[in-house]
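So that you can tell them apart, the chains are marked A, B and C in the order they are listed, and the count of residues begins at 1 in each.
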Amino acid sequence: MFSVFEGGSGIREKVEGLELKQKNILQVEHLQKSYDNHLMVLKDISFSMEKGEVVVIVGPSGCGKSTFLRCINLLEPINGGQILLEGNDIRKNPKEAHVIRQKIGMVFQSYELFPHMTILENVVLAPCMVQKRNKGEVILEAEALLERVGLLEKKEAYPRQLSGGQKQRVAIVRSLIMHPELLLLDEITAALDPEMVREVLQVVLELARDGMTMLIVTHEMEFARAVADRVIFMDGGRIVEESSPEEFFGYPKSDRAKQFLNTFHYEALV
Amino acid sequence: MQNLGIQVLFQGTNFLRLLEGLWVSLRLAVVSMALSIVLGIFLGMLMNSKRKWVKAVCRIYLEIVRIMPQLVLLFLVYFGAAKHLGINLSGEVSAVLVFTFWGTAEMGDLVRSALISIPKHQYESGYALGMTEKQVFFRIIIPQTIRRLLPSMMNLLTRMIKTTSLVVLIGVVEVVKVGKQMIDASRFTTPSAAFWVYGMIFLLYFAVCFPFSRAAAVLERKLRD
Amino acid sequence: MDIEFIRENIPFYVEAAFLTARLALIGILLSAGIGFVCCIIRELRIPVLRQITAVYIELSRNTPLLVQLFFLYFGLPRIGIVLSSEACAIIGLAFLGGSYMAEAFRSGLEAVPQIQTEAGMSLGMKRMQIFFHIILPQAVATSVPVFCANVIFLIKETSVFSAVALTDLVFVAKDLIGISYRTDEALLMLVAAYLLLLLPVSVLCSFIERRVRYAEFGNTGIVSGN
């Protein structure tokens, strides 16, 4: 009787595990990455995200946050572990990498708009070429999105005529119009002048409110506190702490987290 | 007869004569290059002068060199000098004059832009140590400039070596002329000589220029790091 | 200065100038084509062709046009391949120019930051699509100055065509000097002809370069390491 019961619970765990995997939009298991000179930059990262969740990754420079992001959308090769998007191993078919990338959007710190195209052309290029959508419909959606971020009037301008904050908002729109399942934001305000940081983060907050699943790497602690459902603290290629924003910013558990948060805190000189 | 063609290269002193002809060309290039470097440094300094007319003259000089084919300049000097200066310049001397004229302009432009790119602190730290302007210039600035310009200089030298092939058209006995003589001499014995001789001259130029262009590429990569 | 002599002989120079211009144009277009193909081969890393291209570029950049022409015009007939003067001139110029154009396009390609490719990839674009729609347009813009310099260089190189019995400008001048001893006039017309040929090209090139620089492609974002 004992063994049947055990077997029963074993099967139930397996079924629950499967369901869990499918509910998780992203599942990373024991991810390892090292560079050619045997420098291990990611050491055994395990992590999962649900649909609609906003996870913020913070940590000191060089801890591997950006590299982690780049592994998820297949911009970097990995040396061990698994990455599952909606239950499917993203590395299963290397030739289908571009299909996976349609589902995962990325916004870069340096915006990376295409300088030889207008703003509208920048946004409309991928949906038409990659997803083969109808151009008229795409243009309508592009204009609607540009309007939402307040840049419709710039649709015929070239990137060089826009400010950093404007370019970054366009970059976000460019990724959004692909209807990704998951959006990766890699320190998107790090290269911006302080006045422009807010206009960009405002857009991200709205996206979070609308239910976009996002994985954000940032140094903006106030913003992280406001937008995150969960905060992950990385250091030396490992996840050191994982908790809710209130817990992390209010009562950090590990010493390294405490040290890290202190670097943003200035004591007034008496 | 065709399979005997390549033998013309090994008959008697033929190959040696080709090499001697190549040496004539190399000599021209090296001498012109050396003169160009020295004069080019002065020209480069001159081009940064504050006087407008000096700059204008230099710009015109550079434009002339940029627009005029070297062969035309060679003709001007070789045929023109005899008539106007009364002296009969040999092809070789004309070549050195023209190549130096060309090389100085290129070096001058390179030196000018390199001088501009050297940060002011270099000058200022020299002055702060009590050195005079002249000392700072020749002992600190110029050596750095030359080092930075090495790849471009090697590139210019390679181009000069290739351009020396033109002097056959003003009668200098260099490698192409020697080749022609060899071909004429073996007109009956080896009809296919032209293929092998010119082919060999092609390879000889390659053998001389390739090391320099490789060296320039390596230097450039080293300097970039 | 014998004005009459000049007036009499202008037609010869004009005809020669047209010949030079025609051959130069064909040669330059072919060079651009060859250079483009070489670049594509290198980018796509096609196995055997890549090595052949590398060898070609080294051979062509390290040998003078004159020697290449002599080989084509005097050497090849000895093994049965006979080419006309014009064919030799065009082939020689294209052979030489191709490698210079390949360099120009390569430097243009290298100037496009790798992260632009990544931006295209992150939008789900395939390598081919990224290359033609994102990288290539930017590379072309950057290649323009070097391309223009190459055009001027190749037009100057045509001055050796007289060596393969083409009645080009140098041939006409040399001929006149030999026949009439009117060195000054002949040389003056020679210089004038090349000025008329090259000054407009040089001015046009400067203009194009300035326009492209004004377009100011490039990102202004500062990327910090992480």
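Everything below uses one rule, namely that a contact is a pair of C-beta atoms (placed from the backbone, for glycine too) under 8 Å apart; a residue touches a chain by one contact, two chains touch by 3 or more.
These numbers were taken from a predicted model, which means no experiment stands behind them.
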Go through the assembly and pull out the chains touching subunit A as well as subunit C.
none
Using C-alpha centroids, which chain lies at the maximum separation from subunit B?
A
Distance from the mean Cα position of subunit C to that of subunit A, given in whole angstrom:
48
Taking the mean of the CA coordinates per chain, how far is subunit A from subunit B in Å?
57
On a C-alpha centroid basis, what's the spacing between subunit B and subunit C, in Å?
20
Which residues of subunit C touch subunit B in their complex?
58-59, 61-64, 66-68, 70-71, 74-79, 152, 156-160, 162-163, 170, 173-174, 177, 183-184, 187, 190-191, 194-195, 198-199, 202
Residues of subunit B that touch subunit C when the two form their complex:
2, 5, 63, 66-72, 75-76, 79-80, 82-83, 158, 162-166, 168-169, 176, 179, 183, 191-199, 201-202, 205-206, 209-210, 213
Which part of subunit C faces subunit A closely enough to touch in the complex?
115-116, 118-119, 121-126, 129, 133-134, 137-138, 141, 216-226
Counting only contacts in the complex, subunit A reaches subunit C at residues 61-62, 65-67, 73-75, 97-99, 101-102, 104-106, 108-116, 125-126, 129-131, 159-160, 164, 167, 174-175, 178, 187, 190-191, 217
